[in-house]
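Presented below are the structures under discussion, each in the form of structure tokens.
Here come two complexes built around chain A, the first alongside chain B, the second alongside chain C.
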Partner chain A sequence: MIFSDLFFLYLFLPLCLICYYVTKNPRFRNAVLIVFSLIFYAFGEPKWILLLLFISVNDFFLAKGIAKYRGKTAGKVLLGAGLIFDIVLLLFFKFSGPILGFTDKLFGASTDASNFLLPVGLSFFLFKSISYLLDVTWEKVEPEKNYFRYLLYISLFTQVVAGPIVRYADVETELLDRSATSEDLNQGVNRIVAGLAKKVIIADNLLPAADDLLGEALPDTAVVGVWLGVLFYTLYVFYDFAGYSDMAIGISRLFGFHIKENFNYPFVCRTIAEFWQRWHISLGSFFRDYLLYVPIFGEPRKYAGLFLVWFSTGLWHGSHWNYIIWGLYFGVFILIETLIGKKKLKKVPTWIMHIYTKLVLILGFGIFRFEKLSDLGLFFKGLVGLNGNGFIDEFAKSAFIQNAVLLALGILFCFPIVPKLQEKCMENEKLRPVCGTLTIVLNAVLLIACSILLVNASSHPFLYANY
Partner chain B sequence: MTRTAVYEKLNKVFRDVFDDDSITVNDATTANDIEDWDSLEHINLMTSVQKAFKVKLTMGEISGLKNVGELVDILEKRA
Partner chain C sequence: MADEMTPKKKRRFAFGRVNVLVTGLAAAFIALFLLIAKRPEISELEKRRLAAFPEFSVKTLFNGEFASGLHEWYVDTVPNRDGLQLIGADILALRGFHPEEGVIHGYVPRSEETQYVPSTDPVTDPPETEPVTEPETEAETLPEGETAPVTEPSSEPVTEPVTEPVTEPVIIPETEEIIDRDKLPDEDEGLQNGILVYKKRAINFYGGSLYYADRYVNALERFYNDLGGKVNVWSMTAPTGVSYYLPDKYAGYTQNQKEHVDYIAGKLNHAKNVDVYGALDRHKNEDIYFRTDHHWAPLGAYYAAQEFAKTAGVPFAPLSQMQECVIPNYVGSMYMYTNYDPTLKKYPDDIVYHKPKNNYECWFYDTNIQNGYQTSYFRNDNTYCVFIGTDLTMVHLKTDVKNGRKLMIIKDSYGNALAPYLVNSFEEIWVVDMRYLNVNPVKIMKEYGTTDLLFCTNLFSCCSDVEQYIDYIRSIPYTLNLPETEPVTEPVTEPVTEPVTEPITEPITEPVTESVTEPVTEGPGPDPDETDPGEDETSGDAEETEGGEEA
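Coming up: the complex of A and B.
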């Protein structure tokens, strides 16, 4: 099941809210959320429910053992066993498909790879599991005493498919009991509608526009068309994932969970390092806290750690070579920025930094898109006209004209316009009630518009549910 | 080691690592207060701290420090 689905929005979520708010008993409320979370997950992957349950049981008991034997060999063995299990499981599902494809080619066999497809959200809930086991080892948290509360942490439907990778420490007290204030409900609804609009109105329309230019037509696309296509694709990835994250945060808030932001207007960045502090924040902070400081040859090492993190970021996204190249590509730019130093970079005119970062990012998302290296080669050649299709043609012109409004909206909302407007509105006493009414009207209009679009559209799953 | 002695030595480490003689840290100092103190420079800083105080910090301690005060707490006990 996905958030941008009429069944979810008009049946599953309201039913869950009704059952949840029927009682004030925190245990009953947790039970409602667990049951609905398991149903939510089972809709897409019924057989992997058992895997999700097994991981939660495994973590729950391992963490108890780790805490009991902290600082002793037994504790280290238990932690090692837990980490190896999580990592091997992730690598198995991520790479069994490509490995089977390779061995089939080698031996002329044909194995059914469908049994080894990545269970939805596995990378996200395994990372939650890893962070929990390490935090217990490092005494940042004590192990959860109640299994069902831990199961709720791992399986909560608002985060199970594509994150954010919420840390146990951040929701520990809310797992016990929580309440949603009227402000939470207001903000929750606002975020859900904003996220839905980002996904349904912008992202779902940008993807076909990008596909038209970068799909089968790529060998024949003119230079402007290739640039336009990759710009559409970059904005698509942003609005798809930021839209999902908005909805995840908004839905969580309706139940009283306060989750940290996963995006912070990443495209306003001046440097690539800053971009990654603003994009998929929960993944970046996971790698920073649990991988960057890992001892390499006895102690943490700056540049080795940097490349380990960026290699892993690429690998986490997929088993194709383009993801590894994509991760290392960003690693190289962050290395260059580190070598130059923040003080010197600050002296470079802002407009130059914006051109540099946007160019690096757009090319980066081009690498992210093309899983086949031959297509990636065609893409790079197309960017500079080496495919022999000229600078601009009718196809590129019509793609621009047809999607000009979408593109303008896509670029406009990359900037923090809405929060700035809200801030101005709240400062002015006369405008405040008008602003409240406008928000309600706008939410209603956007919800109706998205619902109409969803009735007529085929299902568009969120991109990051694949990772 | 006394807290004052830890701070005396620690300030010298910070000044060397970030090449800035104006730095003076206290319990509440965080990475937000020193421009060049990011997650990568944190590795250099921790390596220098370990060498200067002849202590070994765990990965959990290195990644989990919330402010300088928490680092000084550890150094006070071990150095």
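Coming up: the complex of A and C.
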């Protein structure tokens, strides 16, 4: 089940809200959320619910042990066991399929590698689990005393499938008790509708446009077509994941949970380092906090740590080589920026920095798209016209004309136009009611329009639900 | 709480509450609509049966099938699905501009055909990939280069059912049977490539393979052999609109259909080519193809039928001897294939089709050639489905023509529009779809004394993978099960693998209502007007522009 789905929006979520608000008893409310979260997770793939439950039980008791033996060998052993368990589990599910596929090719065996499917959201809730164990070890949090509250933290349906990777410390008190104010509901509704619109109106329509240009037609696509295709794809990835994150934050807020932002207009960045402070913030901060300064060969090493982070970031996204290249690609640019230094970079004209960052990002998402290295090669050749398809053709023109409005909206909303406008309106006494009314009307219209489009859409799962 | 607020915050607070209320009401309305309103079972727009409510059991609950089935049912059977989809299409159209001259939808592979180097020799010895279950003993192939005489009866005279019907046949007007053919390709008819919308017309770029063209030719030759060389086998490879309407500047996006048609024609040996490419080319300024649909228009089928009749040496009725009907405002399949291009909706087609005026009977069967009933060839439908409704329908036409010629058309949906124009040309016509037929057509042809076999498919199919269907139906065991309602007066003594040359001891599958002793139209079968709601006579949409009665 995904958020941008009629079943979720108009059956699952209303039922959950009704049951949740039947009483103010926090225990009952937690029970409701746990039951609905387990149903949500089990939907369509019930077997993995056992894995989720096992991990939650394992972490819950390990954390208690770690806290009890903090600073002692036993505590370190328990932490090591927990981390090894989580990482091995993640590697097993993420890479068994590809490794078996590779060995099948190598030895001519016939293991069905497709049987090794990644349980939905495993990367996300295992990272929550890892952060919890480390935070307990480092005394940032005390271990949760109630298993069901910990289970709620791990399994909450607003985050279980595709994050954000919420830290236990951020929701610790809200797991105990919480209330959703009118403003929470208002902001929650706004974020849900905004996220739904990003996903259903923009992302779901940019993807087919990108596929047309970069799919089977890639060998025949003209230079402009390849650039246009990768621009579509870059925007698609952003709106797909940012839309999901908006909905996750909005739905959480309906239940009184306040989750940190996962995106902060990443394309306004002046440097690649800044981009990663604005893009998938919960993942970036996870690696920064738990991996960047991990001792390598006995002591923290700045540059080695940096490449470890970017290697891991790439690997986290998938087992194909392109993801590792993609991660290291960003690592190289961040290293260059680090070597140049922030002060010198600030002196470079803004427009040059914007051209630099956007080019790096768009090419980066090109690497992200093509899992086959042969396709990646075709892509790069196509970018500079080495595929022999000319600079522009009717196909590229057609793709642009048909999606011109969508593309314009996609680029426009990459920048914080809406918050700026809202801010201006709220400052102006006369414009304030107009802004308020417009928000209300727009929300209703977008909700209805998205719902109608969902009737037409074959299911487009969120990209990041694959990780 | 609100009392402690500043006026500014109060106003914001009020707007926030109204926002939650309005959005919540909109969501509640939609939720109720989805919960209460009647859910459709079929989609007219997509021409498919929608997902059914899943069966509940402990097993399906725990293996996830129930949950996924419930989800699929809920999202697939949205009330007023078709109407909402069309509104959604209008919303989608806002994503860009749709100039009437030149918009390409979908991807367009332009790479040259590689790897396969077609041979230049005609097929003389088709590869033997014989049916697994069929012990063919009658394969007396004629000497090379010699074709079967067109008027020669192929076997024993066909015996009509010898028993009187004792029960009425089961009426299944529109079977929705889904056939398990996992190893066969999808039943689409090409359309993998991009579609150009140019001057109000949707044009599907063509991409076929000569590798598959060779396989198609071989499959036809194998059919010829199975029929003992006693049946005229014809190949009608119907070009699509791209051959005639593609502007020059887009020529690089498509392969040349003429080259592929000629290639197939050159490779055929015992099977003979029907040159519909040339026939249609002579009339390309007429409405021979729909602008909004991937099929040819009935007029195109008419010219193709005319060419076939000329090639096969049978009489042919001109349009003046047929009754013209018009279905206005038809927005065809290309509308959906182009993800709802608004130009196509703005400029719909008219379906101008023609009904034969001579006397004939039309019998519909399911894919097992069972459950037959007499009805009209033309359905109560405002789309291309006006012809026999669905490709799952197998048809037997019996006409008043007396020339000893009996035809079977093995077709894709292009054949649906073709058959009515041949009602004045053959005594009997079987119209079967190669993608859905569950009975070996060789068996039918031998039992009915068919003299001519016409393969009618569009070129996309011929040059993709249609030969797999042709080989598949040829390999179906010769086990014609009788309709359950038909009394079997003579035990079926033949084993399954009985050679086809043996006398036929089992009653043929013609429905028992079609007794030779009674006029069919007044026979014991159900009155078509009463039992077949799909029949065209009830249609108020088709405008008959010429008088006349149908048989």
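Everything below uses one rule, namely that the second predicted complex is superposed on the first by the 464 of 467 C-alpha atoms of A that agree within 3 Å, B and C clash if a C-alpha of one lies under 4 Å from a C-alpha of the other, contacts with A are read in each partner's own complex, and residues count from 1 in each chain.
The rule we apply is simple: a contact is a pair of C-beta atoms (placed from the backbone, for glycine too) under 8 Å apart; a residue touches a chain by one contact, two chains touch by 3 or more.
All values reported here derive from a predicted model rather than from experimental measurement.
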Which holds for A:211: it touches chain B only (first), chain C only (second), both, or neither?
second
Touching partner for A:274 - first (chain B), second (chain C), both, neither
neither
Using the touch definition from the top, say if A:288 reaches chain B (first), chain C (second), both or neither.
first
Does chain B (first) or chain C (second) touch A:134, or do both, or does neither?
first
Kindly classify A:375 by the partners it touches after superposition: chain B alone (first), chain C alone (second), both, or neither?
neither
Is A:338 touching the first partner chain B, the second partner chain C, both, or neither of them?
first
Contact-wise, after the overlay, does A:174 reach chain B, chain C, both or neither (first, second, both, neither)?
neither
For A:305, is the partner it touches chain B (first), chain C (second), both, or none of the two (neither)?
first
Of the two partners chain B and chain C, indicate the one touching more residues belonging to chain A.
C
Residue by residue on chain A, keep only those touching chain B in one complex and chain C in the other, then list them.
none
What part of chain A is in contact with chain B in the complex they form?
134, 137-140, 273, 288-290, 292-295, 299-302, 305-306, 338, 341-343
In their shared complex, at which residues does chain B touch chain A?
35-36, 38-44, 46-47, 50, 58-64
In their shared complex, chain C is touched by residues of chain A numbered 1, 5-7, 9-11, 14, 42-47, 182-183, 185-186, 189-190, 193, 205, 208, 211-213, 215-217, 219-220, 394-395, 398-399, 401-407, 426, 432-433, 436-437, 439-440, 443-444, 447-449, 451-456, 459
Can you list the chain C residues touching chain A in their complex?
8, 11-13, 15-20, 22-24, 26-28, 30-31, 34-35, 61-64, 67-68, 71, 74-75, 78, 81, 84-85, 87-89, 91-92, 94-99, 102-111, 194, 249-250, 253, 339
